[in-house]
Structure formats: C-alpha cells, structure tokens
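Note that the chains are named A, B, C and D in the order they appear, and that numbering of residues resets to 1 at the start of each chain.
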Amino acid sequence: MKKVYNSAAEALEGVLFDGMMIAAGGFGLCGIPENLIEGIRDAGTKNLTVASNNAGVDDFGLGILLQDKQVKKMLSSYVGENAEFMRQYLSGELEIEFNPQGTLAERMRAGGAGIPGFYTKTGVGTVIAEGKEHKDFNGETYIMEEGIVADLSIVKAWKGDRAGNLIYRKTARNFNPNAATCGKICIAEVEELLPTGALDPDLIHTPGIFVHRIFEGGHEKRIEQRTVREG
Amino acid sequence: MAWDRNQMAERAGRELKDGMYVNLGIGIPTLVSNYIPEGVDVTLQSENGMLGMGPFPKEDEIDADLINAGKQTITELHRTSYFSSADSFAMIRGGKIAMAILGAMEVAENGDLANWMIPGKLIKGMGGAMDLVAGVGRVIVIMDHTNKKGESKLLKACTLPLTGAGVVDEIITNLGVFKVVEGGLEVIEIADGVTIDEIRQMTDATLVN
Amino acid sequence: MAWDRNQMAERAGRELKDGMYVNLGIGIPTLVSNYIPEGVDVTLQSENGMLGMGPFPKEDEIDADLINAGKQTITELHRTSYFSSADSFAMIRGGKIAMAILGAMEVAENGDLANWMIPGKLIKGMGGAMDLVAGVGRVIVIMDHTNKKGESKLLKACTLPLTGAGVVDEIITNLGVFKVVEGGLEVIEIADGVTIDEIRQMTDATLVN
Amino acid sequence: MKKVYNSAAEALEGVLFDGMMIAAGGFGLCGIPENLIEGIRDAGTKNLTVASNNAGVDDFGLGILLQDKQVKKMLSSYVGENAEFMRQYLSGELEIEFNPQGTLAERMRAGGAGIPGFYTKTGVGTVIAEGKEHKDFNGETYIMEEGIVADLSIVKAWKGDRAGNLIYRKTARNFNPNAATCGKICIAEVEELLPTGALDPDLIHTPGIFVHRIFEGGHEKRIEQRTVREG
C-alpha cells in the first residue's frame, strides 16, 4: 500500500473538490503545512470551509488562500494577525465560526475518535453557548459541542516514516495530531521522511493508521514574533 | 502614585505558591514571570502545547518550532514537556492548572469577564481565554483601572460580549487589588499613594468596603 | 468434510485487502494472521495499544511489557507504534480500523452478535468487543456452525445478551460463508464436502438462497 | 515542591480512606502499579470502588485486594482471569459495572479532561445502553457516557523524572496515561527515577502536571500467557 508521494501537488491529486471541509494543523505560523497550503492555492479549489486555530498572516500560511478568495468559512479561535481576514470578515465576504481554542482542538479529537458530541464548561454564559444544548452535571452547567469530521486534514510533522508514522517537534506539535485524526483523508508533510523502522515505536505521536499520504518538503518556518533576551 | 506595569506584575507574582502550574496571558501577565518570589517553584503552561516555559531566547537560540501562545519565540527548561492542543486544553479544562493571570477589557462585580471582542470593531477571537477561565482553579485579572477615556473597567455589569460568566476571582489594577465577593468587589490592597476615595471615584462596580 | 479451524482462518484471510488495518479477536481469529495472502500488506491492531503486531516471540525474545489483547506475549515489527487505551479506542471508534474478525457465541440473521456473557453462568466481560463491532468498517465472525449440543449458532434472533445490534457483515463457519443481507443470511460459499441441504438442516437463521 | 517519595507506603501516606474510588492503570498484568496495589493491601483500606480494565489474577495485581475483601465495586471490561472475582461476584459480595474497554478508557480520559459526558455508538442496543441517554447525530443513535473522576489514580511507568514526567514502555502503556489524568491525586511508580531533564521533552507521555507523587520500585512484571514460537 503506497503512502509516499513526491510533492504536495502529487499528494493532493484527486482529493480536492469545491465546497470541501479541510482541517489544518498549526498554531500561528508554527507547525503549519506550508507546502499543502500552497498546493491547495495552486489547485484553486473554491468555497472551502477550513478548521484551523488561526488563519496565517496575509502572505503566508492560510492567509494565501484568503487572498485568493478560496475560503468561504473559517472555524478558528484567533485571527488577530491577519488584516486581509479582518477585511473580508467585516465586509461579509467571509464567514467565521469562532471556537474557543480548546473546544476547537477537542472537536477535532472527538471527530477522529467517533465521538459526535461532548460536554464542556467552556463558553457557558457567553455567545458561544447560544443555540447549544445545555446540560447539568453535578450541579454545574455545561454545553454540548460537536465532533468535527473533515473531508481532508493537512498536517505538518518533523519526522515521518513510509508507514505514515509521525513525530512532531516542540510546540510545532499543537493542533497537528488532532487534525490528523479528524480527516476522512489525512495528508502529512514532513521535514524528513525516513524508512519504516527508523522511529522508536514508543515515541510515535501519530500512528500511521491516520495518515493516508505523506511526502517530504522544504519548510520556510517563518517566525511571527522574534522575541529575544540580552546575553 | 499608583502602580506601573511592573509593580502590577510584581503584585500578581505574590499570588503564586510553590508547586503551582500557572498560565500567563499576553501583555502585562507575561511580565509576572519576572516576579516569581524567591523559593517559589512555579511551572508555566503555554496553551499551544507546553509545560515548563522558559525565558525569551538569546539571538542564537531562536527556534521557529518553539513559541508561546502569544506567538513569541521562547525557550525550554529541564522540566519541559510538549503535547498536542487537545491534550493541552484537557489539562486546562480538567482543572490541573491552578491559576490563570489574564488581561481584560472589562470585569464586572459578579466576576464576569470580557476580553475578546468589541462588536463591529475589534474581532480577534477568544483564543484559549474562554477555556482558561472556565477550567483553571483561580482567575486573576491584571489591567489598568480605567480605559483610555478614563472610564472604569471595573463595572456593575459588562457591556462587551463575555469571555466567561462569574469566573474572575481577583483583579489587580494600577490602583489596587480587588476580590470578587458576595455583593461586589472588596478592596484588599491599595497602591502606594492612592486613596480609597480615589478608588471609589474611579470605580463603577460596587465596592463592599 | 467441512473446514477445520485452519481452513476457516484461511478463508477469512482472503477477506483481507492490501493496506488494511485489521483487528483479530482471540481464538480462531488469531490464526488468520497465518493466512494473509501473498502480496497483501495488512497491519494488525491490538486494542490494548499497538499497531503492527508481530508473531509470538522466540523464547529469548519474551517481553513482559509486550502482550496482545489476549494477554499473550508477542513481538513488534518495523512499522509498530504504541499508544494509550484511550487513543487505541479512539481509532477503533473513529472508524480507522477497516475490519474486525471475531469469535461469537451466537449471530442472528439481522446481524446481531452475542459473544460476551451467559447470564448466571459465564460473565467474563465484553473487553473491547462492543467498541470494535460499533466502530470498525466491517465485522466478520468466525465460529463453529453449531454449539456442543449440535444446535445452530446462526439464529433467527439471539438469546444471549448482545455485544452489538445489527453489526455483523459476514460469518465464516466450518460449513461455509454467510453474508448478512436484507431478510436473512445469504450462503455465499459452501465448505468442501458440505451440501446446501446439510447447511439448511443445521441452520436456524433464515437463509435467503 | 516535593513529589518524590521513597516507597509505595510513603507515597500513599494520607491519601487513602475507606469508600474511596481508585482508577488504576494496567491491562491484564501488564503495566500494573504492583507496588501501589500492595501498599493499598497493606494499608487495609476498605469499601473501595476500583476502575480498572481487569482485576488481576487471584494472587497478583488487583486480585490481592479482592482476596482481602477490600473492594466493594469494580468498573471493568474483562475479569475472566480471576476465579476469586467470579466467586465474589456470583455470590453477590462484589458489585461490578461492566464498561466496554474503549468506553472505560474514554471515561477516564474525559474525567481528566473536564468533560463530564460524551456520546458513543459503543453499546447501543445492548444492556450497556439501558438507562443511558440516547441521542441521534446524523441519523445514527449514540448513548451518553460520563467522565470518571477518581479520588486517587495509581499508575506504573517505565521512566519518570523528579518533576513527575512519565514515559511508558510498549504495551505496558495501555490505561496508564488515561488513569493518570482522572485522579484528584495521582501516584506513579516507575522502574527508573531520573533527574529532571533526563527525558526528551518531545517524548514525554504523561506531563508532570498530572503526577502528584512519584517513587521508584522493583517490579516482578508477571506474564499471564507465555506464548512462544519455534526457532
């Protein structure tokens, strides 16, 4: 069973369609599937619904799909870094469903785990709770949130093997393991693709069962806020 | 003549207890890490997936794969561990984080907190703030007592969309420290050179003392 | 004269397709791993937290930390990964496992499966069976056609507490292969030396052909 | 903040009380907190409710608490290896709440994650679903299961550090990471206790925040079914 592809374009072949829902890993510009985002930009797929914590910046990450008006709707928790996003949103060109960050992560995890709904205290008493089912447990009120199942999930890992096993590095892990589980198809781009058996089985973050296609790609890894100390 | 940002952060630092796992928000709360009291061992959580957040890197230590929830480059410590966003918020929602110290636009006397949007104007999103205030053991807000127009940010009721209802335990402003209690806010400390009358004058929320 | 255990396992092996992730139950299903067809690459899941289950160890390879869901010592492969029980059943419940091959006490013509208890007599527990039949893509049962008393285990309706309702897709017995279809079971293969009349005689469930 | 203790007895000091609920890691006899179970036996705590996939065997693992009649109720998925368990259960001395294995694992995970309830297809149409809330999502029926929060969780890891970070080995991981999260207090026993900093931060399975007390202990690691092949 071949999982290995040579490029984002090859790996995306046959899986994209207008109006689809995509779940993307990454936090800010950290650990984002740069190559796959560019591949989707190049493919020109339209009317996308994208579940991703952030929307990149204007000219990098998911921002490039916004610039090309390929995105109809975002499910995100924070979009403060993206001026184009704001503009499209405030002018009504773009829909957004704000999800608290932990709720978004858990919704991806739940969708991948066959859990269609779960209860959380997050957002009770706020606009997030409007229209959602409320239920009391032990005298406290919770709201129900639904699992996300995406048509495609796109993730970025540090190392991967030919069986699709993935390992992430530092805070570039973030939403990637959760997004990986919730796609009907999951494509992973890695900095280093290794032979099967090169990764320690105890230390694999995403088992290959979740990953349908994998390829090695170069990564710019742009830094959003370069903060340093003296010394 | 009232506290500056660093004095507010220092005052917040005194809320930290040995062994605590703590989440610090963006802005003044981030400064609190500079004021962890001597002999108090605190582990900082960054909700993008890290426990044991270290200081900003030196120029040659910068790592694009290592940022905090404010997207700033940071460093790791001996005790550091990394995990996914779902696991990160599992520990937040599950009550494993003893305290969150956050900024705010408004706090109401019943503990309501608004810090994520101004309708029609500023819509950045709530990030992890709604999860934090719903999940952690104790929520402390650090903010200026008044907004740019000089109006109280401690209100009888919030006017902006809430981040959480009845979630704030304590507020540290440039004028003093306020505890959310039955019936309103209790002034538990007054900044140097500030009088209780000045606080009364600049506070919309009910003060119980 | 009907299939033996190994022939049943071999027949089940022919259901495996290249690239599949599969969970094999305890007993005859375990034997299926000996009959994975040439050129078909299958990854075995063990629900206690492992993908890529290898064969039993040699004496000097035995590792107490490496067992399958039947608590038997096993080995790992190049592709192996380990994970927690919650993560293991997340992939099962989430539909990532293409197929489960399980034993059964009873199967009904509507796909109901009973394989976890006999009230007042045998109560071992369902283990992971209820999760598997609810979550995987396809459920195949391997079992003897009749019980020790010679009574059909393919029934119009189960008499024992269910493991899952309407979950079985196909049944492989010593007498043949049966598909759960609208209206009952369809005989899709007959074991060598067995006649359809013998099957009819030994089957309580409705046969549609 | 001191997390390190010298023995099971020391680590259990002050946390045990009659009638408490304990969540235990382990699958069969693999990865069980042997020393802590013996410590609880020695402490003589009574009327325990224990959430654990299995109940050990008669003279090892949780079986020794059953022999001493310290357990009032078990939440388990499979208890076929324990004759004493069967005897006590069939004679009405012991209560049991059967949980499908994945439901039990997810209930522990949920309890630790602040999720009081979630929906699953597992058990729909069986006795497991009786008395539970049913809800339809996308035309399929699910039942609600509740998160487990235990008074104490006891887990066994391979390596740990003084900050409480844990790494498990092979299939001895099993329920341990999930049980670790759902206890109000979690005690971990490890084969090897290392200085903080000895574990790679990317490869820690259970972050120290979940672990309140930790100690190094010897482990028999009994094998239940020694199956071998020729060669």
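Some points to look at:
Methods note: a contact is a pair of C-beta atoms (placed from the backbone, for glycine too) under 8 Å apart; a residue touches a chain by one contact, two chains touch by 3 or more.
If you're wondering where the values come from, they're calculated on a predicted model, not measured in any experiment.
Chain centres here are means of the Cα atoms, and by that rule the chain farthest away from subunit B is C. When the interfaces A-C and A-B are ranked by how many C-beta pairs touch across them, A-B comes first. Mean C-alpha position of subunit A lies 32 Å from that of subunit D.
Chain centres here are Cα averages; for subunit A and subunit C they lie 35 Å apart.
We define each chain's centre as the mean of its Cα atoms; on that basis subunit C and subunit D are separated by 28 Å.
Looking at subunit B, one finds that residues 76, 82-83, 89-90, 92-93, 135 touch two or more other chains.
Shown for subunit A are the residues in touch with two or more other chains, namely 106, 109, 113-115, 120-121, 168-170, 173, 201-202. In terms of which chains touch, the assembly is arranged in some other way, matching none of the line, ring, star or all-to-all patterns. Listed by label, the pairs of touching chains are A-B, A-C, A-D, B-D, C-D. Listed in rising order, the residues of subunit D touching subunit A in the complex are 106, 110, 113-121, 135, 137-138, 140, 142, 146, 167-170, 173, 201-203.
Residues 46-50, 55-59, 62-68, 70-74, 76, 82-86, 88-90, 92-93, 112, 120, 123-131, 134-135, 161-166 of subunit B are the ones touching subunit A in the complex.
Residues 1, 109, 111-115, 161, 163, 165, 181, 196-197, 199, 201-202, 204, 207-210 of subunit D are the ones touching subunit B in the complex. Here subunit B touches subunit D in the complex through residues 18-19, 21, 41, 43, 45, 51-52, 76, 78-83, 89-97, 135, going by the rule given at the top.
Residue ranges on subunit A touching subunit B, taken from their complex, read 27-31, 53, 76-81, 86, 89-90, 98, 100-106, 108-109, 120-128, 158, 168-178, 205, 221-231.
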